[in-house]
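Each chain carries a letter (A, B, C, D and E) given by its place in the written order, and its residues are counted from 1.
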Amino acid sequence: MAKNKPRSRHKHYNVPEPGTSPGMYAIDDNALKPIITLHTYNDKIYKKEEIKNINNIDRLTENKDFYYWFDIKGLADPNIFETLYSKLNISRLVLEDITSSYQRPKLDEYDNDKYVFAVSRHLFLNGENDLCNEQISFILTSKCLITFQENYEDCFNPVRKRLEIGKGNIRIGGSSYLMYAIMDVIVDNYFTLLNYWGEELDAIEDRLFDNPDKRIMYDTQGIKRSLIMIRKVAWPERDKLNDILRSDSDLISDLTKTYIKDAYDHCIQIIDFIESLKEIASANIDMNLSIISNRMNEIMKVLTIISSIFIPLTFIAGIYGMNFSREDPVTGKVLPDNMPELYSPHGYMWTWIVMAVIAVLQVIYFWRRGWFK
Amino acid sequence: MAKNKPRSRHKHYNVPEPGTSPGMYAIDDNALKPIITLHTYNDKIYKKEEIKNINNIDRLTENKDFYYWFDIKGLADPNIFETLYSKLNISRLVLEDITSSYQRPKLDEYDNDKYVFAVSRHLFLNGENDLCNEQISFILTSKCLITFQENYEDCFNPVRKRLEIGKGNIRIGGSSYLMYAIMDVIVDNYFTLLNYWGEELDAIEDRLFDNPDKRIMYDTQGIKRSLIMIRKVAWPERDKLNDILRSDSDLISDLTKTYIKDAYDHCIQIIDFIESLKEIASANIDMNLSIISNRMNEIMKVLTIISSIFIPLTFIAGIYGMNFSREDPVTGKVLPDNMPELYSPHGYMWTWIVMAVIAVLQVIYFWRRGWFK
Amino acid sequence: MAKNKPRSRHKHYNVPEPGTSPGMYAIDDNALKPIITLHTYNDKIYKKEEIKNINNIDRLTENKDFYYWFDIKGLADPNIFETLYSKLNISRLVLEDITSSYQRPKLDEYDNDKYVFAVSRHLFLNGENDLCNEQISFILTSKCLITFQENYEDCFNPVRKRLEIGKGNIRIGGSSYLMYAIMDVIVDNYFTLLNYWGEELDAIEDRLFDNPDKRIMYDTQGIKRSLIMIRKVAWPERDKLNDILRSDSDLISDLTKTYIKDAYDHCIQIIDFIESLKEIASANIDMNLSIISNRMNEIMKVLTIISSIFIPLTFIAGIYGMNFSREDPVTGKVLPDNMPELYSPHGYMWTWIVMAVIAVLQVIYFWRRGWFK
Amino acid sequence: MAKNKPRSRHKHYNVPEPGTSPGMYAIDDNALKPIITLHTYNDKIYKKEEIKNINNIDRLTENKDFYYWFDIKGLADPNIFETLYSKLNISRLVLEDITSSYQRPKLDEYDNDKYVFAVSRHLFLNGENDLCNEQISFILTSKCLITFQENYEDCFNPVRKRLEIGKGNIRIGGSSYLMYAIMDVIVDNYFTLLNYWGEELDAIEDRLFDNPDKRIMYDTQGIKRSLIMIRKVAWPERDKLNDILRSDSDLISDLTKTYIKDAYDHCIQIIDFIESLKEIASANIDMNLSIISNRMNEIMKVLTIISSIFIPLTFIAGIYGMNFSREDPVTGKVLPDNMPELYSPHGYMWTWIVMAVIAVLQVIYFWRRGWFK
Amino acid sequence: MAKNKPRSRHKHYNVPEPGTSPGMYAIDDNALKPIITLHTYNDKIYKKEEIKNINNIDRLTENKDFYYWFDIKGLADPNIFETLYSKLNISRLVLEDITSSYQRPKLDEYDNDKYVFAVSRHLFLNGENDLCNEQISFILTSKCLITFQENYEDCFNPVRKRLEIGKGNIRIGGSSYLMYAIMDVIVDNYFTLLNYWGEELDAIEDRLFDNPDKRIMYDTQGIKRSLIMIRKVAWPERDKLNDILRSDSDLISDLTKTYIKDAYDHCIQIIDFIESLKEIASANIDMNLSIISNRMNEIMKVLTIISSIFIPLTFIAGIYGMNFSREDPVTGKVLPDNMPELYSPHGYMWTWIVMAVIAVLQVIYFWRRGWFK
């Protein structure tokens, strides 16, 4: 019954051994080798290059006429984190958060706003339709954005393309606007997921009305669990966007805040949507239970009607199947009280009549109680 | 079983492709061609004209002795939005919100209160009694109100008539009062819907008491879903009205605020009403489940009473229907232990007596347990 | 089944047509002709007179040595409202609120505290034990209280008597104290209702333990609905009393506030009481469902015990009721394998023994499983 | 079935007639004659005397070198209240609250902190294990504490003893510390009750696992109701202790506040404890319902297995019990198609074989579905 | 059925007798003899020694160049508490809290921040997989940390090792950092527990899909209860960490606060995790109930199908098993109306045909209703 296995099992936290020193980042054994892309841009110029490491990140970002985006996919290189620590003075707690990869969405401001650390969670369905949950980490300084993700696949290509083309605010809004643009894609993706589950719930509902089966409960619970998982992400995402809105750090421009307000609106819409879908899922479950109960009622009605009608009739037939003797086998004396009905000329007919009356009375009784509806 | 299909399916969000540039409004393929009516009025004069486009909106609204209402039905003309952007400096995020048409009710103030953007949601039942959900967008400047709606039909005719007649505050209250008047109609409409569902719930309740059937669950869940949908709108509507009340923008006059307070009261009454109806719907569902359980009890009681009485009797009849032989067929020897009852002169009568005693005892037993009530 | 009809159906809101001008009060068609009693009083003098109308309210209340209470029962005279508008400058929104009569309890301060408008809701059981819900409106100015109620009957006679007798603070506390006294009666009345339902719930509980029947669910849900209705009133009543407590209007004296604090305490006790009764009602419903399930179990046990014992026995009887022939009717050859038991000398006795063993084994089995407890 | 009667019925409020003047205290008909004990003490001296009345309370408390505790048990003497009103200027609202005895725990400060009025609720199990609910009222002035209770029995003896012995802060902490000490005993008593119910719930749980019966539901609901009642008291108790902590009245010393903070901690622990027990009670109820359902499943399985096996077999036996005639009784012609099986030499044996095969197939079927587990 | 006994029974509070003087610490009879380890350290030097008592704690901590950690396991020595009271002026309320060992996590600041008292709760599974709950108390002064625990086993060895090795901030962060480090281990341990239950829930879910049995309900409720217990600890832990973050005491350094923020994040993740697991547990219970209902439906379907088919057939067989006589035994007259079917040449065959038709019709009927799916 493998196909019944629940989807969306929660990701087990691979927490470090309790008691390890805080800030001791532990890179997961399954972590991928990093692919680092450096985007250097301003309103006029755009350059993209793949780089091997970020060892000389201070020199790479020297020219203050440009903005820089270090787009890092895969976390398996401790070198990166050591460089961040030694060259940019990034706190070890931040490095631990990037690598432990089970953070809630959040915004932390460090060192008198010298840099900002943020986390988003990218949700997506993998090949087997399981809901996956990837951490996207952001380090934002005045001219530079560094993003970290666990897998090579992502949903940021539209942003990379907009950056290349240079339309809109993407190149002139600064690094905080770029961070917004990525966060916005992530939030927009939630809509896609919710639309998908919304349609699945509609399909389940149709099955419920047409032809309810045992899988409905499993499937609805599966979607409900996915909704719980996305809700667990959407609420702190909302809080994070609100924190950005209310931040007084210079790193986040007013232009960015205008757009963050828009993403915040979307996030609230997502939370509304999740709650609606959860209520629909619950209603489906209730409806299913009610349908099961109604079915039971119907099954029992069939059994009761047939049993109630035929059991008394069978009893009567049984009576006249008894072998009480008409005469004493020894003395040969007639025993006239033993089943005289059997020897009446129309005994058989009368038996049928009595049976029919009983049956009809019962049918009337059941009819009146509404059991045939 | 088409008639059982659930009503009030949620409107699927037609979100733009994740990653598109923010402010990139995407006009829906099904959007209608706009019909634009310009109402020009002050306390003495009122003029209504249908206009083709708003390309020269700046010139049309030059005369500061009048108030202006651009009443736009249908969103299929990108020209309108480009004009708003170029001539009135309306933010692209606003234009996106107008066209994406799945916003929650909200109030946004822009550009140091140069204009205000607001959203209401108009709920109505369409021809097939489905709950529909239309977005009404408002752009309010000092002398001018621009409203956007998706469909040609609406519920604003009373406001248009009051504007034409000029009674009350409608022409002297300024553009913010006109915006209030439209929002008020929308909120008042919620009462009409709730009264309708309240009566439906009463009707379902009557069916529940008179003649409960399987459709009760479906119908109640349908109304419950409608209530969830209207609640999803009423709460942010309440917040929006409160935001207007507390706004310090000059665009919203004190007179308007007095009336907004009244609409806010109505909105709270609506939320109260929704919660009451939801509790009644839930109580109906509980009652229904209890009725189903009671019915099952009754069905089983009938089965048990009849089976318990007749199965033992049938067994007795079966006993005396056995063919144990009175004499050995080979030796002809009499076998006096084989069913001597059959040859007793009153065996048949005694059998009936025994059966009657058993039946009466059972009836007494069941009576005592209250099964005949 | 009229006696099963639910009590306490919610009062349908008779909202004005959506889109009517705000402040357009619409007097209900069933409204009663007003009976107006004017109480003129100070600490020494008390005068009561019935007046036809309040057209000269300004002249009637000229003498500042007295307090005035206009006690208006019945709302069917638009003249009253026009006078309030023209002579006392009462806002049209207030007049609409008085006549629409579905307001939540609330306190509104108008015109820089020139007057205060308040609403209470008087709950009572009518002749058919239905919970009714009447709006009491208050307009309070510095020396004058005007009260409006929909019906002629009310619960204010104790206050009128106290006013006539003049004991306590009633004549020296000013108009705000009189308003408090009336609100206090209304709140005290809620206790009476809750005590009544509390006793009904106790009675239902006793029925539950003694002799549960199908009406229990209906009756409990009826009380639950009444509790929901009173809760809907008690919460905003609490908020209103709190608003009065925190009001900085001169119209409400410090003495009054001391007493309002006492009424506020009562209101919180009422909310506590409502929640307790709701939990008891829910517990009754749960208990009822559990009793139904237990009954079903018992019914099924009876059926199963009797069927399980007698069906196999009947089968055995059926076996020996078969007519397999001892001899070939054509050849007359003896067929010794056909039911030799029938011709054994003690076949009948052995059959009974086998049956008894089967029955006893089953009884032991059921006994062990605890089915006879 | 008296033993099934629910415990912990809520105490009906004996509210005064609605409309009576506020502050009109009504002494309950069942109130006890007061026993008044006056404790006069300071850090060195302690004197205890029983007094007849408090008519000369002002003279009794003249000496400012001492603290005074008027410990009043029984409320049936209006004289006491009149004295408080005339000699100490205690508000009539306070006197009403003392006598009406259904107040929530609360703290009221009066007359610019000249005195403080507080209420606690003492919960205890009476002889029949019913949860009783007694009001303890406190009037605290600078040197004097007056306590009121409804019954003669209480739980304050440890405090009286500590006062007599004089150990700790009890004699040097002032009147507010004495008030704390009494409140602390009351709160500590809640733990005793909760431990008792905790053990009862454990016992019920054991019965649930060992031998579930119908009383489990009744007993669990009884405890649940007691928990609801204590929770109704514990929350406002917590608020009251918090109010004392934050009070800026001189009547409550800093030392007292340090200890009140400790009692506040206990109160939060109590609320935690209540919630845990409620969740355990709910889990027991759920478990019970699941056990009932499982039992029903087992009962039905037994019925279905036995019926399904024997009903078809009985049918077969019935077939061969039919009396279709081998020869036409009139013509004597042989009718070879009528039940030739009966005349086959091994018809009986074959019938048994067929029956056995059917039975075995069914047993295998049921086995496979896991019905024998 | 001992293996079904619920795990994680709540720890009964061993509260002192109500009315005992506050601050009267009562050492539990089962308390262990204390083992006291004194860690003396600064950034360069680390010394560990076991000491017998802390009688001369003031002298031991004289040298202000070092930090001190008194690591006390076991509470059975009143001497310790008396020393704390007399030498360090620790409040008796603190000493009571340490020994009563049922405190919620909390932070109390005493004596103008001369010392801080904190409580954490260490959760662990004992040998029988029961969830145990140990109190860890902290007294923090400027240079000294004193920790108290009830058992000898704990989870602090990693911290002791880090202290010995001296890596990271552990020796330079001061006493507040050491307190953080211990609290952090405790919180990290919660993850370990939650991961364990998460896996158990997964295993239960698999059993649910593969082979649901009666133990599922018991096991799920057991885990649910553990989750309730850890939630009861995690919420006040979160509040405590927040209190530390917001404390303005000099005893808690800014460095420590940075790390407390990290532990606070973990605590919120834990709360999230608990809620998820609780929802999964609830979903399992719902699913289980639905599976039980579905099984009942299937059982009843089998019974109904077999009974409905064979009971009518058995009735027919019963009819033709009746013994109505073909001739009057006395007169010998032929009675042609008595069961002529029995003498028809193909009566037997026709009977079979009628039976087959009835059976086939029923099978078709059941098939159509979907009962064979």
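Basically, contacts are C-beta pairs under 8 Å (C-beta built on N, C-alpha and C of every residue); 3 or more make two chains touch, one makes a residue touch a chain.
All of these numbers come straight from a predicted model, not from anything done at the bench.
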Intersection of the contact lists for subunit A and subunit D: E
Fraction-based call for subunit B against subunit A, same above half, different below: different
Angle of rotation relating subunit B to subunit E [CA atoms, steps of 5 degrees]: 145
Separation of mean Cα positions, subunit E and subunit C [Å, integer]: 39
Computed distance of Cα centres, subunit E from subunit A, in Å: 24
Where subunit B touches two or more other chains, by residue: 293, 296, 300, 303, 307, 311, 314, 318, 321-323, 339
Contact graph of the chains (line, ring, star, complete, other): ring
Chains listed in ring sequence, where subunit B comes first and subunit C follows it: B, C, D, E, A
Residue ranges of subunit A touching subunit E (in the complex, touch as defined): 1, 4-6, 9-10, 12-13, 15-23, 91, 93, 96-97, 102-104, 106, 108, 211, 213-214, 217-218, 221, 224-225, 228-229, 232, 285, 288-289, 292-293, 295-296, 298-300, 302-303, 306-307, 310-311, 313-314, 317-318, 320-323, 326-327, 334, 339, 341-349, 351
Touching residues on subunit A, where the partner in the complex is subunit B: 155-159, 162, 167-168, 170, 181, 184-185, 188-189, 191-192, 194-195, 198-199, 202, 205-206, 209-210, 258-259, 261-262, 265, 268-269, 272-273, 275-276, 279-280, 283, 286-287, 290-291, 293-294, 296-297, 300-301, 303-304, 307-308, 311-312, 314-315, 318-319, 321-325, 328-330, 335, 337-339, 369-371, 373
